[in-house]
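Each structure below appears as structure tokens.
Here chain A shows up in two complexes: once beside chain B, once beside chain C.
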Partner chain A sequence: MSAWEQALSRLEAGAVLLSVWGEGAHVHLAWREGGSLRHLAREAVDREYPAVSARMPQAIRLERALRDEGVLTPRGLPDSRPWLKHDACGEPYPFLAVEGEGLHQIPVGPVHAGIIEPGHFRFTCDGETVVRLEARLGYVHRDVAGLMRGADIEVAAKLAGRISGDSTVAYAWAFARAIETALAITPPARALHLRAVMAELERVANHLGDIGAICNDGGFPLMQAHCAVLRERVLRAAGSCFGHRLMMDCIVPGGVGADLNDEKIRTLTALIGEIAARFPGLVRLYDLTASLQDRTNGTGCLSPALARRFGAGGVVGRASGHDFDARRDVCYAPYDGASFAVPVLSAGDVNARIWLRIKEIEQSLGLLSHFLTTIPIGATRCEIPPQDGEGMALVEGFRGDIFLWLALEEGKIRHCHVRDPSWFQWPLLEAAIEGNIVADFPLCNKSFNCSYAGHDG
Partner chain B sequence: MTISGAIVSMVAQGGEMGLVLLVAPLLVGYVRKVKARLQRRQGASLLQPYRDLRRLLGKEVVLAENASWLFRTAPYLIFALTWIAASLVPSFATGLMFSWTGDLIVIISLLGSARFLLALAGLDVGTSFGGLGASREVMIASLAEPAMLMIVVTLALIVGSTQLSTIAEFLRSGVAGLRVSLALALVALVIVALAENGRFPFDNPSTHLELTMVHEAMILEYSGRHLAMLELAASLKLLLTITLIAAIFFPFGMTSGDNGVVDLLGVSRGILAWGGKLCVAGALLGLFETVIAKMRVFRIPGLLGIALMLGLLATLLLYVSRGL
Partner chain C sequence: MRKTIFQGILHRPLSEPPPPIAGDEVISLARALDRASQRQLGRGLAIRAVDAGSCNGCELEMHALGNAFYDLERFGLRFVASPRHADVLAVTGPVTRHMREALLRSYAAMPRPNWVVAIGACARDGGMFAKSPVCEGGVGAVLPVDLWIHGCPPTPRDLLSGLLTLLPQ
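Up next, the complex of A and B:
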């Protein structure tokens, strides 16, 4: 049996697919067995290879995007429609057929009424009940991987931080770790601690924003008003401590680009104290508002079997019993020295996803005070040697595990592949909405909060 | 009635019609302001709805290619029907010139016609959101109207008339006293009023999510002066329902405009009392909408069913108490 075959049978036996991508005439496959990351590349003979998605359905969209590049052809791809490149198929896009009596279609997007990213949703409904939802994405495809090809490390690091702005810290960290693995260097301990502080601040800010936004879509703007105030506090503290509200470009390969002095550490400690004091009141407000609970309970259920099958990471997976957190399981520094719980729920509905975010904020606050009190003294950056190498990294962003693989050649990026956690979450949203009513879609969608830009790349 | 009396009466009626039109956007602005303050926001100015109307009136109308005459005329008809209904409800004075037409059944049918037109207009252009909104609106209406009729029956049994002026005069005189039936009818009427106006928990008037809209989904395709007419009609309807509840259940401070004799003191007292009632009701509405989340679409029949049952109970109680 070839190595490729062996990898596929391991995947079928329970290993988790991380990504499939192409580089020239080679097709790459990355997967995870427990906490260890595996990678395999094979040459595609005649630019063709047997499609991974013929056996692993979660790879369908990845391989459709791979096929869009026009270099490799996955043989036996179950769905051969283009995915990210819209000009590859003439309009109209062939949506999957739904047949039945009295069914009607509702097209929504790609331009939405709120300030959100573009994506098209095609609902087929029986009255108010959704029979099928099909999403069409790719409207914000910028081909970041193409821009990175041949770029300097500094330029590529900036590009990586701009793939999905709301998790710029996690992306920058994934890129930095992949570079560091490729060159076998370890950044100073102080830099690692600062990275974790930034990553947890990002997680807290985004989860606060999400909790408020979900409640707002359920018709309860009061919660959003309070959550938005707290989120703004986090962003302002980040702005004054790291020089950028979203902490963009603060993590660089080899270390960090911003340092904390005692005064800034005091600012952050005060922020943590304020959130810890005010957040429980908001949790009570959510818990005691029966009309809101009525909306979130039992809405948009994602079955644990499906979440496991797709290897869905982040809040979406953990709210449906998929117990994986890269911080704990891949155990990268400095999380190996910290103690924290990874909350997991099994209900899989909107309510579970809200509660999971609430619990993660509590854990992140604990982690933040741990990292701030134990921050070591020393340098914040080390030199990047001009060597060749290949490296990959899995970093837990607020949406889930971000996978990044790159190859270096003569100090430049030969190829970089990034897989946003949303790749495995968007298809599950389509499954979770089935049987719900159309009016509950915004609630379900917000509780998933998948990334458009991160997915489209 | 003398000629001068007729003129005074006409002026008073005309004044009332003008006043409701002037005050309606202010009420909407006020409710928005209350909600904003409760949500820790500054909120837009109280006069913002007037500015919005002026802006919309100055804009060109964007019409869908397949829009029929119905789509173009519906906003004016809806506005006219709602305005007439709003000016028939006694606000600060009973017994005005047209008060003989101010019958509860008439008002319900005027509003029903306006809604029928709006639902048709929503369907006219053939967009999926218009159809979605129209279907939801009709579902709500078909449940709210029976409840409304039960309330009317209760009032008619107590007062012996469905004419609003008479009802207000009768209840103000205190002959009816405190009745359980009236309390039940009040609760039922408040539920129906919230449904009629597309307020929480039935509909969210400030949402941007097309998939969850009811009223807003039907008017999604409207723009310019058409939209201005519909916005104005919606604010008139809110004013109408609050005034209606106030006239029936809290009729104090109203002046009597009978026989063309209108004393200025009574009129100013009536206007002050009406303004006070609107302020209280608007604040209560804002508070209610802040503390409650929007309801799932399929829970709406349950809540409207409660209104219907309360109306039925109110009617039955009247028979039981008379029978004893």
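Up next, the complex of A and C:
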């Protein structure tokens, strides 16, 4: 049995697919077994190879995007429509057919009613009930991979931090870790602690924003008003301590670009104290508002079986019983020396996804206190040696595990592939909304909060 | 819930005084804003946001304008759901090829007079994505821009100070 075939058998036996991508005449496959990351590349004879998605449905969109590049053909790809390259299929886009008496369609987007990223949703409804949702993405495709090819490490690091602005810290960390793995270097311990402080601040800020926004979509803006105040406090503290409210470009290969002095540590400690004091009141407000609970309970259920099958990470996966967190399971520094719980729920509805965020904020506050009180003294950055190499990383962002693989040649990026957690979450949103009413779509969508920019690349 | 509401009434508001108008971040008003049209529109401006390829960073900071600290609506500025109700088109991103048509259609749907505000480093000239073959290289390549607000992303204060220049002084 070839190594490729063995890898596919392991995937069928329970290993989790991380990504599939092309590089010239080679096709790459990455997966994880527990917390160990595995990678395999093979040459595609005559530019063809047997499609991974013929056996693993979660790879369908990845291989559609791979095929869009026009170099490789995955043989037996179950869905051969173009994905990220819109002009490859002409207009109108062939949405999947839905047949039945009295069905009607609602097209939404790419420009949505709000300050939201662009994407198209095609609802087919029977009265108020959604029979099928099909998403069409790719509107924010900027070809980040193409821009990274041949780029200096420094430029590519900045591009990585701008793939998805809400996860800029997690992306920059994934990129830095992949570079460090490729070159077999370890950043100073102080830098690793500072990275974790930034990553947890990013998680807390985004979860606060999401909890508020979901409740707002359920017609309860009071929650959003209060969550937005706490979120703003986090961003202001990040701005004053790291020099950028979203902490963009603060993590660099080899270490970090910003340091914390005692005064800044006090600022962050005070912030954690304030959130810890105010957040429980908001959680009670959510828990005791029956009219809001009525909207979130039992809405947008994602079954644990589907979440597991797609290897969905992040809040979406963990609210449906998929017990994986790269911080604990891949166990990268400095999380290897920290104690924290990974909350997991099984209901899989909007309510579960809200509660999971609540519990994760509580854990992150604990982690922040731990990291701030144990920051080692020393350098914040190490040298990047001019060597060739290949490296990959899996970093837990607020949305889930971000996978990044790269190859260095003569000090430049030969190829960099990034897989946002949304790749395995977007298809599940289509399953979760089925049978719900159209008016509950904002709740479902916001509780998933998949990334458009991260997905489109 | 009652407790939360009472606390809200008893505490001083968090809203801060507005930032100085036309700070360094706002480099130019490419088209002088006509006084008559300002009088016509009064102190209210409806803004329609279009993400034309942003990383979502600019959107996060635009969202922040609605929080209690900045409270955009007290200045008569508000985000609306349809370009047909908008005076201002706030565009972010380098304008991807896939968003070009949707952006042009949003602009065409707006009543006149109207203004285009390009938000962020990508909207200015494509930013980090200027060399991408699937991006247009900034909002100016597609639409006539009246106001540029810089930053990657601009802070809510930058945004507020820029947007306030659209209102009569």
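In the analysis below, the second predicted complex is superposed on the first by the 457 of 457 C-alpha atoms of A that agree within 3 Å, B and C clash if a C-alpha of one lies under 4 Å from a C-alpha of the other, contacts with A are read in each partner's own complex, and residues count from 1 in each chain.
The rule is simple: a residue touches a chain if its C-beta (ideal position, glycine included) is under 8 Å from a C-beta of that chain, and two chains touch if they have at least 3 such contacts.
In this text the structure is predicted, and so the values were computed from the model without any measurement.
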Chain B versus chain C as contact partner of A:Ala113, first or second or both or neither: both
Touched chain A residues, chain B compared with chain C: C
First (chain B), second (chain C), both or neither touched by A:Phe340: neither
Touching partner for A:Ile437 - first (chain B), second (chain C), both, neither: first
Which superposed partner A:Thr289 touches (first chain B, second chain C, both, neither): both
A:Glu128 touches, of chain B and chain C: first, second, both or neither? first
Touching partner for A:Gln105 - first (chain B), second (chain C), both, neither: first
Touching partner for A:Ala225 - first (chain B), second (chain C), both, neither: both
Intersection of the chain A residues that touch chain B with those that touch chain C: 113-114, 222, 225-226, 229, 289
Chain B - residues contacting chain A, complex: 38-41, 128-129, 131-132, 200-201, 204, 206-212, 290-299
Chain C - residues contacting chain A, complex: 1, 3-5, 14, 49-64, 66-69, 79, 81-83, 93-94, 96-99, 102, 106, 127-129, 131-135, 152-153, 155
Touch list for chain A against partner chain B, complex: 104-108, 113-114, 128, 215, 217-222, 225-226, 229, 289, 291-292, 294-295, 437-442
Chain A residues touching chain C - in the complex, by the definition given at the top: 86-87, 110-111, 113-118, 138-144, 146-147, 155, 158-159, 162-166, 168, 209, 222, 225-226, 228-229, 231-232, 235, 239, 245-246, 248, 281, 285, 288-289, 451-453
